[in-house]
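You will see subunit A twice below: alongside subunit B first, and alongside subunit C after that.
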Partner chain A sequence: MRTILYLIRKEFIQIFRNKFISKAIFAVPIVQMLILVPAVTFELKNVDIVIIDKDLTPESRGLISKLAGSTFFRISGKTWSEKEAENLMLHNKCDIILHIPDEFGMNIGNGKPAVLQAGIDAINSSSAQLSWAYINGIIRDYNSDITIDNISTSGVSSFPIIDITNRYWYNEELNYKYYMLPGILVILVTAIGFLLAGLNMVREKEIGTIEQINVTPVRKHQFIIAKMVPFLLIGLIDLGVGLSIGKLAFNIPFEGSILLMFLGAAIFLIAVLGLALFLSTFSGSQQQYMFVAFFCMIIFILMSGIFTPYESMPQWAQDFNLINPVAYLMRINRMVMLKGSSMNDISGELISLGVIAVCFSTFAVRRYRKTA
Partner chain B sequence: MKRFLGFVRKEFIHIFRDYRTLFILFGIPVAEILIFGFAISMDIKNAGVAFLDLSHDEITHKLSDKIISSGFFRKTEDLLSYNDIDKVLKKGHTKAVIIFEEDFGRNLIREGKASLSIIADGSEPNTATLITNYTTAIVNDFNMGLAGTQVSSALKIIPEVKMFYNPNLQSHFMFVPGVITLILILICALMTSVTITREKEFGTMEVLLVSPLRPVQIILGKVTPYFILSFINVLLILALAWFVFGLPVKGSLVLLLAETMLYILMSLSLGILISTVSSTMQQAIFISLIGLLLPTILLSGFIFPIENMPSVYDYVSLIVPPRYFIVIIKNIMIKGTGLMYIWKETLILAAMTTVFIAISIRKFKIRLE
Partner chain C sequence: MQKAIDTSAICKRFGNTTALSNISFSVNESEVFGFIGPDGAGKTTLMRIITTLMLPDSGDINVLGKNCRTEFKELRKEIGYMPGRFSLYQDLSVEENLEFYATVFGTSVKENYDLIYDIYSHIEPFKKRLAGKLSGGMKQKLALSCALIHKPRLLVLDEPTTGVDAVSRSEFWDMLGKLRQYNITILVSTPYMDEAMRCDRVALIQNGNLLAIDTPGEVRNGYGRKLFSVKSADKYKLIIALRSLNETITSFPFGESVHVTFKNDRIPENLNSLLQNQGINDALTEETEAGIEDRFLELMQTAGPSFVKTTEGKAARQ
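Moving on, here comes the complex of A and B:
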């Protein structure tokens, strides 16, 4: 036990001797969280619409003012020429072209169907679909405004209506910050733990100092534990810092137990550090390890469901996620923070993470060779 | 010149000797393209939904079958009371609960009005919005069917839509340009900054500095191999996009490649700049990986459109180089426009390259302290 403590002390001295790294470990997460968390949102805002109104009747104007009144859209221009409108789209000056043909008002007046065309820049297909859904909603509203006018004048009885109400629990206003903060936090903790721990190990190999440890009676598991503990602590401190930022800067609700989050993060870090040290035994140089780590991190993070719904992934991807520690922590963090899930609710995730942690750490100890 | 070529050859030998790194260098873009293409999507599929049916009549059964058979949803369980809602949502497998009021069918037929509520798990806002949007659309559709002819006469405005540039709404139109942008800046900046700091950390930089090679030649010799490798990487991604997803380059390929070279140059000079401010490899890796990874993914407009962000980010993202390249590559690849439409972005990238190089030259030390 004493040996491990001494080794841990040595690791801390080594880490904090590098002035840049010792500051960056804490400063980078703070800065990135402050800058990035408010930035990311799928919420649609300020979608620029160019209108080609060939109709110029009260009906077309009514529809346009309805669009202009919504928070999603911004009427950025009007034109008569389709060519000009398409050119604006090519220049990224508008996202949607709304074309109101010239019989629009007349057809509505005569009770005939009035056709309307929307052209949407669909390079980002999910934004395009969302814009289209919103436009449709506004048109439907406008439509029923007119219909109600007609019905009330003609006295036709209404048809059965299913009235739909929806509520969002745990995050009523669908604030994206609540969603992204736990996610970004997981990435930062992963990046720092995974990258630094492995690099640290490979660096000892590269500059040869690992030989000095190898000739001592230090046991394999003692060495690995001593390499893990400092980064485990740093990761947990980073988590604490990140959570405080969430509370102080973004006022993110804390429904669940903070202790439970730290427990999840600790098991997660053991898993990630174990994997890092395991992979580091395969690399001879820091450069090589960095690429391996980069490769794994990109895959882990993208597959973890940070930006995308987890269930939409095909079965093979979900199977892969069984060994992806990031996916577990991503779920645990969001569930505990936002929904207040209890130990019981996340026990499955915790147990799986625990199994992964034990396996990876054992691999790391096994693979580490004291002989050159 | 001959000396310089010899130096470049030495660098190539260094790179090729480490076949694992080389393998990963090309493996990363391939893996990313495949993940974005086949594993993840923004859309929902099989989202877990639970039903709380307080009525249990023919209409509610029909409607819930219709909702499930749409393919967007998967039924997780039938709830018995309101108290269960919180419990299932907390477990995490159910993303929304659909509630039919008591006597739903009778109310609908007798009184012409029945109410249905959706309670979605807002901790995943995107999924929650999609679930409510899709459910609402399905229920409205069902409603139309019930109402029959009465409605069709009431529907007067028929909106038609044309999706420009991407008529089938395929997601790879967005992620292929994004992946190229991300990979190039990360790999170039990482590789250059690490190989230069490596020489510094091991003291071999001194060996190079006392050699007849001039500092400029050393740096150029260091980056030339990565320039070539990155360029091959781009060709690989484009080929993959073409063969796997059938995504062609709509505009001029020559222009696209020229712009890509400019972007690679920019990234390499950023790498050189990072190397001049770092003394150890760990520091260089930290700056180029942790410092660049998230901002590039999040602030470039790759996944999250910049115009949706709070307005400060219009200015914050101005200093994020990938932002400009994404515009350029989308314009050429997907819209098929020419230089006329992207000269501003091109100039900005060129200016950034010049600034990075200028700073690096000023900061580059010919002597080790």
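Moving on, here comes the complex of A and C:
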């Protein structure tokens, strides 16, 4: 025990003596939270629309002003030339071309179906679909306005309309930051667990100090534990820093128990640190380790469901996520922070994470060889 | 007397390279035992096996009466190892490094301070300095202090004097000499032949084979021929000239002069005129006593001509 404590003390001395690392440990969460949380967003704003209005009737102007009135769209230009509109889209000057043909107003006036055509830049398919949904909504709205106008002029007093209202639970304003922030926190903790400890271990190999350690009576598990604990603590501290920024800068709600979230993060860190140290036993240089760790980290993060819903992944991806610690913490964080889930609600995730943590750490201790 | 190290027929291969082949030797307790050989001879591999960092492919090895394969855990408490490369924490201070190694061995600096006093007192004024900022000689003293701090029964030093200036090298051997009073067995490897004289016994090692094991004096006495030293201002021309002579058996550069053996163990009568034919007018020839290096070269000659090349390189480097 005394040996472990002393080994841990040594790690801390080294970490804080390294001018860059000791500052980076605290700078990274601050910068990451302040930049990523507002930047990584799916919220659609300021979609540029170019309108080809060949109609020029009160009806077409009514539709255009309705579009201009929404916060999603910005009328960036009007033209009569389809060629010019296409050129604008080709050069990224607009995202949507709305084509209003010249019979539009006439058809509406005559009670015939009127047609519109919208061309949407679909390089980013999800934003294209969202734009389409919004524009569709506005046109439908405009459509029902016209219908109601017509009905009132034709003298029919009542008209059955199904009115559906909805409410978004746990994130009522659909604030994208609330959804992303717990995820960004997970990335933060993952990066610390994955990179720092593994690199530290490989560095000892590179500069040869591990040689000297190996001839000492220090036990394998003592050495591995001493490599884990400092980064476990740093990870938790960074999580705390990140959470405080979330509260101060973004006023993110925190429904559940902070303690529970830290418990999840601690188990998660043991799992990730175990995996990192396990991988480090295969690498002879920091460069090698960086490459392997980066590869694993990207896979873990992208498959964890940070951007895409977990349930919509193919079955094999969901199966893979059974051993992906990042996926568990992603769920735990969001459930605890936004939903206020209790220990009971996330016990499944916690137990799975615990099993992964024990397995990875055991691998690390078993793989670490004091003898070549 | 119990042997500090006892090995029989150790073999170690790395892929297609044989690092050690059939190495058998033993080291007595509290003896200073030197491994002498050029780079790549297998010294480090052998030391790594002795310090339990590596297992031999075959052969038995007992260190301090313990089997290196099965009792390595107990063994590690009693070995002090100083690798060839400086392997202490460069970002910890002198003091912190020493305390760290004392603690991981379950002891304290205070407990064994008398053992390291002679060595550590040189660097104690700089105890707050980071180990990475020390000079080469001080690093070496710190490494030795750290290897000794748990009072090991066996001290293994892998090329401790490589890259250290001549004065520090001599000082270092003086420090090792002082450790004799504590009955510590010292195993040291070096590529410098002159250091062999300061060992109790030496083993000459080349390409994974032991060429000879004996006291330095006996190793020298094993030299089978009369040796002559020839001096001239232009050493390079002299060697070429000597090698072109029929009478010459071997000729190697040795410091200022060239060490030569001749057929019939005597200087050829017309040597000076033969050399003059080749443009060397100032040759001075006399009989000389063979050193360890001469014996080494002789042993390698018999082992095969391919070895000689590497040794010439080594001699030129020195």
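We adopt the following convention: the second predicted complex is superposed on the first by the 364 of 372 C-alpha atoms of A that agree within 3 Å, B and C clash if a C-alpha of one lies under 4 Å from a C-alpha of the other, contacts with A are read in each partner's own complex, and residues count from 1 in each chain.
The rule we apply is simple: a contact is a pair of C-beta atoms (placed from the backbone, for glycine too) under 8 Å apart; a residue touches a chain by one contact, two chains touch by 3 or more.
None of the values given here were measured: they were computed from a predicted structure.
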| request: Using the overlay on subunit A, decide if subunit B and subunit C clash or can fit next to each other. | output: fit
| said: Output check: A:218 vs subunit B and subunit C. Expected answer is one of first, second, both, neither. What do you get? | reply: second
| Residue contacts on subunit A - larger count, subunit B or subunit C | B
| query | Just subunit B (first), just subunit C (second), both, or neither: which does A:208 touch? | reply | second
| task | Identify the partner contact of A:10: answer first if only subunit B is touched, second if only subunit C is, both if each is, neither if none is. | result | second
| query | A:83 contacts which: subunit B (first), subunit C (second), both, neither? | reply | neither
| request: Based on the superposed arrangement, let me know which partner A:18 touches: subunit B (first), subunit C (second), both, or neither? | output: both
| message | With both complexes overlaid on chain A, does A:345 touch subunit B (first), subunit C (second), both or neither? | response | first
| request: Scan A:139 for contacts with subunit B and subunit C and give back first, second, both or neither. | output: first
| said: If we overlay the two complexes on their shared chain A, which of subunit B and subunit C does A:2 touch? Say first, second, both or neither. | reply: second
| Quick one: smallest Cα-Cα gap between subunit B and subunit C in the superposed arrangement, Å? | 11
| task | For subunit A, give the residues common to its interface with subunit B and its interface with subunit C. | result | 18
| note | The answer for subunit B against subunit A in the complex is residues 18, 20-21, 24-25, 27-28, 31-32, 35-36, 38-48, 74, 85-86, 89-92, 95, 108-109, 112-130, 132-133, 135-136, 139-140, 142-143, 146-148, 150-151, 153-167, 169-171, 173-174, 186, 190, 194-195, 198, 278-283, 285-287, 289-291, 293-295, 298-299, 303-305, 307-310, 313, 316, 327, 330-331, 334-335, 337, 341
| task | Flag every residue of subunit A that touches subunit B in the complex, lowest number first. | result | 18, 20-21, 24, 28, 32, 35-36, 38-48, 63, 86, 89-92, 107-108, 111-129, 132-133, 135-136, 139, 142-144, 146-147, 150-151, 156, 158-172, 174-176, 178-179, 184, 187-188, 191-192, 195-196, 199-200, 203, 283, 285-288, 290-292, 294-295, 298-299, 302-303, 305, 307-309, 311-314, 316-317, 331, 334-335, 338-342, 345-346
| said: Considering only the defined contacts, which subunit C positions touch subunit A in the complex? | reply: 48, 51-55, 72-73, 76-77, 79, 81, 83, 85-92, 96, 100-101, 103-106, 146
| remark: Residue positions on subunit A within touch of subunit C in the complex are 2-3, 6-7, 10, 13-14, 17-18, 207-209, 211-218, 370-372
